[in-house]
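Some structures are shown below for you to check.
Shared between the two complexes below is chain A, which pairs with chain B and chain C, respectively.
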Partner chain A sequence: MFSQLRTLWTVFIHLFQRNETVKYPEEMPYQAPRYRGRIILTRDPDGEERCVACNLCAVACPVDCIALQKTEKEEDGRWYPEFFRINFSRCIMCGMCEEACPTYAIQLTPDFELCEYDRNNMVYEKKHLLIDGTGKYPDYSFWQVAGKTIEGKEKGQAKNELPPVDVKSLLP
Partner chain B sequence: MAKLFIDGVAHEVNEGENLLHSVLSQQLDLPYFCWHPSLGSIGACRQCAVISYANEEDTRGRLMMACMTSVTDGMRISLKAPLAENFRTTVIEWLMENHPHDCPVCEEGGECHLQDMTVMTGHSFRRYQGPKRTWQNQDLGPFIGHEMNRCITCYRCVRFYDDYAGGTDLAALGSRDRMFFGRFEDGTLESEFAGNLVEVCPTGVFTDKPFAQSYTRKWDLQTAPSVCTHCSVGCNVFPAERYGEFRRITNRYHVEINGYFLCDRGRFGTHFVNHVKRIKHAGIKESDNIFEFGDPDRAIEQAASLVDDHTIGIGSPRASFENNFALRELVGKENFCIGVNDQELEILNAIIKVLQSDEIHTPTLQEVEQADAIFIVGEDISNTAARTALSVRQATRLVSLELAKNAAIPTWQDAGVRDHAQHERNPLFIATPAATRLDDIAKDTFSGSVNDILDVVYTVSDHITDETTDEQQFAHQVAQALCNAKRPLVITGSGLASVDLIHAATHLCAKLNDTGVKISLLVVPPEVNSIGVALLGGDVSLSSALTRITAGSSAIVMENDLYQRESKATLDKALESSKLVVLDHLEHSTVEHATVVFPATTIVEQSGTMVNYESRAQRSFQVFEAKSEIQPAWKWLNEIATKLAKPLGWNTYEELLDRCAESTYAELLEVAPSADYRIRGALRVPRQTHRYSGRTAMHADVNIHEPKTKVDPDTPLSYSMEGLNPGTQNGATIPYTWSPGWNSNQSVFKFQQEVGGKLVSGDPGLRLITPNGMKLPRESKNALSNDRNDNTLEVIPIHQVFGSGELSNYSWPIQARSPTPCVLFNQADAEKLRLAVGSGAKVAGLTESLEVKVDTRIPAGLIGVPANLFREMGSTLGFDQIDHDPDFVAKSKTSENLIAKG
Partner chain C sequence: MFESINWSYILILPVIMGALGGALVLVWWERRALGFFQDRLGPNRVGWFGILQSVADAIKLITKDDWVPPFGDRVLFVLSPIFVAGAMLMAFVVLPLGPGLIIADSNIAILWVLAMSSLAVYGVLLAGLASNNKYSLLGGLRSAAQMVTYEVFIGLSLLGVVILTGSFSLKDVVDAQKDLWFCVPQCVGLVIFVIAGLAESHRLPFDLPEAEHELTAGFHTEYSGMKFALIMAAEYLSLILISALIVILFFGGWHGFGFLPGVVWFGLKFLLVINFFILLRAAIPRPRYDQLMSLGWKILLPLSLLNLLITGALVLWMQ
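Moving on to the complex of A and B:
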């Protein structure tokens, strides 16, 4: 008897508590910036593609849903992906690709709304993935740290580099 | 054998070897950089430090470099002692101080020895925050990329390039911490073994430039064990594929053949697979002389309508044994031609006689390296079988090992051995028409025409029994050296297109044999499967085949460009209104004459057996599935036969192989395990590494549903990452080398019984010819006419390692590297013709002008022409047939030459 009354009371009390249900999609829930949702490719602070097609995201991916091919711009020496494909119908949003990325190019975003009637639409190519900004890491530019030359950054001009040695010097 | 205690555990090792060698031979992990099994020790990197204890009571021990310490019986060492581990970590930390932050954009990443060793020692966090040293790079030509910042100064590159391969244009330059490994100035690395720098360099300083263009990490490549098809040596290789395209070749270790090194034709010559001229569809020539592609069924019907009982089948020495067999089955032996010209057929039969004789041994390349006196007769092996030349170079160093032994220097002590021997070398004699790249180590050379060389060889034979002649004479020196040697070797070949040379060399060897000297003879055949196709044999010679084609017989030409065999004039006439069915990879001149053309797979897209110069049959496994309608030739031939209602009786490669072995050599089944071979009773060998990525995305643009993994009915390998590659399986089925902690090619020691020794379960390949006791004929010298006419020049074919290989000439890196086709003159002849070096010469019979070069050795009266133009001209040329071409420009390396990448 007491138990039943207590249950009624508990239910009654809930009438005066805050409603947990939100009217999605009119009302969007809060997503933390580090939420692991749809994957994007970001750009360097100078506006060039950040991805250097190193393949580390692809190999880190537990479901093997990333495929890409390295190519190189003859003029400036930058490595970049000729194509970059993520099959979101396989992606489990684990974020391993983001952790593996040495250039902060691949990032997961709070956008979780990935639903399609046609599974084919879940295949994202580079044009779908690449955004115009730097994402979560506004200042990092891999090429300014790496030793490889690109246009506008000769040997010795990267961060923390000495000018190229003079091979012909005989000084002790 | 000696007992070596490693961390308290007793191991049986060879006494006198260095510690590092012994430790690695026990399959234990010990980091190293500068040591290389083929190059020995120099103790430059200080990475392989271990603790050595004086005796059982000694708990402190002392630190020593494993690679510089000889193993003694009862020695006690520790790899795991904290002092040694700490020392090795610190050394790595020093090496990494200036290492650039390059791994993501480095072509070595993922198969980098430096990465492996860094992980192995446990160095994971950078403490040094100071500035990094940098260097300028050099342009080292179309094969090798240079990124000097990544150097750790291990000296392996120069030790390989200069000391091992005899190169002169790569050096350790500069002083102090400014050491620079490169050329004196920018330019193409001259050595034909430069490509090995990619594998020898433990970091990413020297990288594979063509591969870098469409770079893929090692873990993403699909590979299978294969055989190089660019000469008759049959080096073992790993071709690699990604996204349906051929990507690169790396060395597959075989102790008796290529060991750790390949030549650059082999390494960079297979890009023809992606060539734009690849035939991708079956085609029928319509009345307007244009092929209509895309209806294979109609093409098969059309081909079948051309085939009758008199149809000639022309096989090919560059096609596999099985493909040639399939064609022979279709047309019958009486209608089968092996696809080489009559001269070459005669040469091949002579080589087979040598292989059958048990008086003379045909050496493996490992045995070549043990020959203590070598006489090269007529063959420019640096260009026709380059890997052999590298072995010859090692053979001439045997005396230095001998000297070292006498001076109590261990043979692995590389710097010591070299310094002690100075310029002492074993005798090498070369008799060729023109200069070769082995001349620098030859004791003496002889230059002359084929007849002059024959003369010398017969004189050498005479000198063996006759002691009276002049000490200084070339022939006398050769005879003495060969008689005094323990393991003398004669090398000759088909390069000069003269069967007499082979007879002469055989005669010389037989004569030496009679005096009790056990001699080896290596005869270099022209192509990868020359011996195989010659063993298969056919009743029709190429000349009679062409006569029959002219008379109206139809013919099936398989993987053979006849324009590489006979002169253009002959073929244009013979094939003018012929009924040809052609099966091949590339659109070449013969295809233009075809009525029906079928796209055939290349070596990397099919499984097959190749028979090398020593008659060693080696299986090459399919690496990947060819695109579109491309099929192996044996499949096409079976489909044609089925259409004719007389099927050949095979549907899979296995069935073909069974039939082939049944009617030719039963050994073919033993060469590699059959398709039902499983590891531990259940597992296939994977073509993909366990880290293969992109499986669910690479085809998603075409079809979101992942394709079913293709089951391979033909081989014990799988087209997936499932399976096991433990290294203990049959040596013919190792698809790549990898071992936990060893991602680079250095992991190969985990697949060997002992470092630098045999593979764990033996080395693949079987000799098809067993000496049958046949005695060689002791022919006496035929009367030779050596008097040359003053007004004519004798034509000599000149081979180029880059430029004379038929298929490699379609490979874009080789095209970029090939020199302008040139004509070689003696200085006097060039002056007589008023031709300056570098200018153009118009030669009668050739459409294109050739660049004039003066050879240091070619005697007056001889003219060297590119080997692939040799058949276009007669045996002599008049002085009046050569003219200056004022409009000549040497081949410019325009981008147009490079675009044919597909």
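Moving on to the complex of A and C:
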């Protein structure tokens, strides 16, 4: 009986406490920097695409909302996606693609306002996804630390990379 | 010719409109107040501070498919919401809202109100039965048992008031509280009446006939559209009725402290009681069904009999 009265009093006191509600369209709630929202594709510090079309994000995606096709640049030997398509009407914003990505190309942003009247508009192509900046990792450049040869960078010239071992030589 | 007309019948329309409009506003205000109690805002979009929320709800309910289950009793299914709301509205006839503001000053007003609120139970029971659905039937059964239990001492708790007044007329009851409100000599009766009134109007601590966690929606599981709206309106009408009765029977009706007209005092006290009921809904969890029954038969019934006995003895002794 006493506990019931105490409950009444406790709930009544809550009448005078501040509301937790954020009036969303008028005022924006705080978005943590690591909030998982709309997906973007980022670029290297030198302005080239980071994505190497390895398909790991498409494999990691639990709802199969990512589709891409690998192709190569004739002039410098870089790999890049011919098309890169994310179906945001399927995407569950789980961030698995971001974790799987070896080049920090695919990243999730705090933007969550994805609304369309036509469902087809929820399918984002590469031109919608690709941004001009580097996203969360401003200094990382995959091609400068990877062992693959591209134009202007032979084997052994990448950062932290030793010169290639000459397997035909007997010298230590 | 005009002498034969009872002018208080003009009040019928305002009272009905007021009760139904009050129920509409109450739907919104209850959600809003519940929100405040739970540190949120509640519906605040439609109209000024969300006051037109009920209108939006009503428009939605009107445009919904008004489905009658083909496997149930179609006639009873359609009739029972009308029955519930009609019986509830009938009870408003005898409520004195202010000095002279009463449609019918009956000498059996208390009995009339109790009879009408008991009639509404038939509507609930028939709604559960006519739906031909497990949940509805269970809800109907529960409401029947709950009403039979609490009907017994909702009357007994009022008998103390009736003894002190010496009349069943609600107008006489209010007049008898000119000096001392009955909430002082009849405090036990007040507590019992509040609990029984909650059970009678199946408000949240005692909403076992429609406990949504156990019975989806209880007796009105199959109802949709405006028939559902009518049942909801009847629920809120019964809340308004019980609150008005508590004010009239225990808190001195229109009697106040002078500087305001009687109707305003009645309204203020009425709003306080309504908000107390909303606070009860926000705070108190629902008891188990056997707890509800044992509370009724083992505690409240003996207590109300004792209250009746002591009140009667004291009144006889004072004479």
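In this section, the second predicted complex is superposed on the first by the 148 of 172 C-alpha atoms of A that agree within 3 Å, B and C clash if a C-alpha of one lies under 4 Å from a C-alpha of the other, contacts with A are read in each partner's own complex, and residues count from 1 in each chain.
To be clear about the criterion, a residue touches a chain if its C-beta (ideal position, glycine included) is under 8 Å from a C-beta of that chain, and two chains touch if they have at least 3 such contacts.
Here the structure is a predicted model, which is why all the values come from computation and not from measurement.
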Which superposed partner A:L68 touches (first chain B, second chain C, both, neither): first
Partner chain(s) touched by A:L170 [first = chain B, second = chain C, both, neither]: first
First, second, both or neither for A:S3, with chain B first and chain C second: neither
Chain B versus chain C as contact partner of A:V145, first or second or both or neither: first
Of chain C and chain B, partner touching more chain A residues: B
Residues of chain C that touch chain A when the two form their complex: 35-41, 279-280, 282-284
Interfacial residue positions of chain A with respect to chain C in the complex: 4, 7-8, 10-12, 14-15, 17-21, 23
Residues of chain B that touch chain A when the two form their complex: 100-106, 109-110, 129-137, 147, 149-150, 173-178, 180, 212-217, 219-220, 242-243, 691-698, 700-701, 704
Contacting residues of chain A [partner chain B, same complex]: 52-56, 58-59, 61, 63-72, 79, 85-87, 89-90, 102-103, 119-120, 122-123, 125, 142, 145-149, 155-156, 158, 160-172
